[in-house]
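Please read through the structure below; I'll follow up with questions.
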Amino acid sequence: MVIVRATRFEQMFLTGARRIKDGAVVFVGFHWPMLMARIARRLHAPHIVVVYENGIVEDRLTPVLPTSPCDLAAAEQATTCAGSLEALYMWLGAGRVQMTIVEAAIVDRYGNVNTTAVGPYLQPKVRLPGSGGGTELSSLGRDLLLVSASVNKRSYPDRVDYITSPGYLSGGQERTRLGYKPGTGPQTLVNPLGIFNFDERGEMYAAALHSGVSPEEVRASFSWPIKVKAGHAVLPEPTEDELIIIRRELAHAKERYYLLPQEFVGLGSDKLL
Amino acid sequence: MSTGEKPILTMQETVRRYAPDGQELLIGGFAFSDPTALAHELIRQGRKGLFIMKTSGGVLVDQLVGAGCVERVLSCHVWNSVGPVPAYCFRRALEQGKPHPIQIEELSYGAFTMALLAGACDLPFMPTTPVQGAGHFTQRTFLPDKFGVIENPFGGGPVCVVPPLKPALGVFHVQRADKYGNAQMFGPTGEMRPAMAACKKLIVVAEELVDTAAIRERPEATVAPGFMVDAVVVEPWAAHPTDSYGYYYRDLHHHALYGEMSRTEEGFQRYVDEWIIATGNHAGFIAKLGKERVAELQLRKAGW
Amino acid sequence: MSTGEKPILTMQETVRRYAPDGQELLIGGFAFSDPTALAHELIRQGRKGLFIMKTSGGVLVDQLVGAGCVERVLSCHVWNSVGPVPAYCFRRALEQGKPHPIQIEELSYGAFTMALLAGACDLPFMPTTPVQGAGHFTQRTFLPDKFGVIENPFGGGPVCVVPPLKPALGVFHVQRADKYGNAQMFGPTGEMRPAMAACKKLIVVAEELVDTAAIRERPEATVAPGFMVDAVVVEPWAAHPTDSYGYYYRDLHHHALYGEMSRTEEGFQRYVDEWIIATGNHAGFIAKLGKERVAELQLRKAGW
Amino acid sequence: MVIVRATRFEQMFLTGARRIKDGAVVFVGFHWPMLMARIARRLHAPHIVVVYENGIVEDRLTPVLPTSPCDLAAAEQATTCAGSLEALYMWLGAGRVQMTIVEAAIVDRYGNVNTTAVGPYLQPKVRLPGSGGGTELSSLGRDLLLVSASVNKRSYPDRVDYITSPGYLSGGQERTRLGYKPGTGPQTLVNPLGIFNFDERGEMYAAALHSGVSPEEVRASFSWPIKVKAGHAVLPEPTEDELIIIRRELAHAKERYYLLPQEFVGLGSDKLL
């Protein structure tokens, strides 16, 4: 008996987490991807092995959610603590990681992610943090999943002002031509609206939508006329058990100083369901 | 680069002796083991015109920028990862030129790692992940040669390469060191091993000074043999509010406090006054944190 | 490359399953942690036509060559470092084609390390020390592309580069592993970290199987996270007569004994008969060494 | 009161050891260089830091003489155990090592060392072990000291059949032209006859001789007409105390299975002086 339906933000975590296969080695980037991997561990994928850019191998649910890949809460009782040469090149670059998850705060038609600067680089309107290992995750990651919690057009420009994490660049075969490896490049984007894939030209399209999301609503959230797959699937809603887990983890994230969207700010554990 | 006993310096003396205005300085840490104590002392001594290299420029770089110490930054990101909230000073500097404009040059973390590896090995370049088409490949400010592209001599297309980085001075936080400068880190090491070896001069900031006998028990953890180290600073809690593996947790509350205060120029100035200037030194900073907070964050009560 | 529990195999089963005739095989160790137990089992099972890659080809490679298991060797040297005395079988093979000719290709240790690093990182090449003019730069047998020379794109002349090595199979001796394949080494690691990561399939031969809890106590010593490992062999004293840091010393007497016996083809055959074939397996080999010798060499009585 | 004079083999160790400055970081190659460094530690240089190609930093006299750099007797109680990337590139290549000592079993006019093959490479008359890290030590080492225990012409050919460890190649500026770093290349060779240096063209010449060694004897030991410096110095003989130390260490080397020249084979500790 679902008393409160899942919000789309919550739906996003379920949809993304479901794509994580139990037992996979997953390279997890900063922020929502970390929470998503944690939720997957709680739901159906307890045996994933998570690797982070600093060289941590996190093989089990950590006692607390790390606030970033460099929060050493992730390293407590780790089986391996190595370095970035291992993580970014020997594990990620060499294809030993089966899935890569990166947050895509601003992402364009061809899956290029901007986490650096909005507006001119030297005189930015909004200056964002920059790449970190995000460039490598997008450059080298196999089965690359992008995650965005936004449904705002400004988060989905036709072309980003600055490519921090390269997607399909200008589309077509540009990525391959420049020497990027086969099997790399974004495969999927998950956001509060549903699942998006990339066509053979590297252009993003809506492949499956969350319950209640209309193609019109999707189009209204993107700056370009995004295609919606004809006869797109409708993604399943969380069961009550799933929703309990997602909300517990969101509440935990808040305890760990994660800034949640407005609707969750006042969320206490009494409001879990 | 010599053997034998190394000077054990206070942070004040270290900054005075090694970091004049305009110093080129690679600061260790990757949002853990960030030597905050160094940044605070640079601010206390009013340094100007620094060229700061730091892979992960967190609160530490934000404070140096906000306090007007910095002319150039080479980094792979600058942020306050708890929350996350913006690195407000960094934003104000780049968006509004406040307190003064700074120059920024960027590398991705993988490319930064390889540039440091090339520097460490004194090799003319290292190959890196493909980044052609990415902004930091195209956009170059004060390092016009930060990337090159060459043909793979064994066939198979273009290859991105980075030239060596050889910082004039490096200061790195480590868990422990002995009087000979042998420095050990535990937990993940990010790019720190090659980064330390890339520096022309190297200073380690250790949580504790230990007997060489302790170093010999874990020789795999020695990230810098003594002959690479010029001086040792012994400064407990030097990396707070970031974490030090095995020693203390990340202080989320303090990250949030800083995020809140640094939202405005006035708030940032109040942080500097209250937490950096008024405390006098890092021991004063830790005293201001209070025993209760310190006890909450502390992991290791005894040696390894 | 997968997660979860890995097969714990005997050396017999490992050789049967993973190392057929003609196998391309990188063997770990650098005159320490040489997995002798592997070589002996390859000899017992009469393997032919192997392509052996080994940075430091000691007694182990000499025995494989003498026993006729090898077609190709890629190495940076082959010797019996105690004494030193020649690696007689290796010499006989190259000087006289006995028991049959082998092909040899050579890299210096630094170049070999860089080729393995390139393989580990899946990068198209790595720069290396200048070696133009050296014999192994000029002299190429079955790896005509083992070196390239390119212009430094940042100026400053020619640069030697090596292409990646990505061995089809690697077998490495480690001090300990858990059932998930997490493998730890202590002491110096030579080129082993990148070498393990360069291999397409990877088997570790551990002195002991430990609980994952023990692995978690020393995460810096994990040279191969479990997801890189295909199978685990638990074989105490697997590296004898070379040494295993923290576990046992190099057996100088046995090195000398082998040196003396391998001086002639007949002597070598006697060594094979007595020490390899008649002993049946590595436990038999160690039993033949005798308790007294084992006690003399043993370092570690308990776990770390 | 010297009862037995030092042999030239013993002299060689003293002469070589004296070149090692106390407190220096020294990259030590296989065989006699290891014994030489150990003797230097006993004599006047207890504070040298020895590094080996496998990543060991050996900062004090080890309880026993390692039989090779990879004999982990060298690593017991070491302050640092790293790897070959550190040792060969970050320490040696980057110039953090002040002195490098390599055995030069066969060495030619221009300081090129052969430890690979005598005769044609593919059909060698004598096959030797090969390079190991010897190439790097000669390619990258600063203040490079070569050590040879031989006084036999075959050990000093005009040109080696195979350059394992590059010296000045064909002489002149060839080494520099090919991209070798400034400050590298052999500086000195020590053998039982004395000390040899290299002129501006990279050619070896005798610079100082052991007591009783004549220029004629030097010339007779080399395959090319080697130059002997006019007014060459005569090197001091060991004192009694020095000789005791050298002989103790030679006796210890024998216990450690080192094969000593014939004159030492029967040496017992009772014959130390």
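Labels A, B, C and D are assigned to the chains in the order they are written; within every chain, residues are numbered from 1.
The working rule: contacts are C-beta pairs under 8 Å (C-beta built on N, C-alpha and C of every residue); 3 or more make two chains touch, one makes a residue touch a chain.
A quick note: this is a predicted structure, and the numbers were derived from the prediction, not measured.
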Labels of chains that are neighbours to subunit A and to subunit B: C
Pair sharing more residue contacts (C-beta pairs) when B-D is set against C-D: C-D
Length of the line joining the C-alpha centres of subunit A and subunit C, rounded to whole Å: 41
Whole-Å gap separating subunit C and subunit D, where each centre is the average of the chain's CA atoms: 28
Set of subunit C residues in contact with two or more other chains: 123, 159, 186-187, 189, 193-194, 219-220
Shared-contact residues (touching 2 or more other chains) in subunit A: 75, 78, 81-82, 85, 89, 93, 181
Touching pairs among all chains present in the structure: A-B, A-C, B-C, B-D, C-D
Touch list for subunit A against partner subunit B, complex: 30-31, 52-56, 67-68, 70-73, 75, 78, 81-85, 88-89, 93, 114-117, 121-127, 129-136, 139-140, 162-166, 169-170, 174-175, 178-181, 256-259
Of all residues in subunit B, those that touch subunit D in their complex: 1-4, 120-123, 178, 180, 182, 193-194, 197, 212, 215-216, 219-220, 222, 225-228
Subunit A contact footprint on subunit B (complex, rising order): 30-32, 56, 75-79, 81-87, 90-91, 94-95, 106-111, 113, 117, 129-136, 139, 141, 157-160, 186-194, 242-245, 249-250, 252-253, 255-256
Subunit A to subunit C touching residues, read off their complex: 23-25, 47-49, 51, 57, 59, 75, 77-82, 85-86, 89-91, 93-96, 181
Subunit B-touching residues of subunit C, taken from the complex the two chains share: 118, 123-128, 145, 148-150, 152-154, 156, 159, 161, 163, 186-187, 189, 219-221
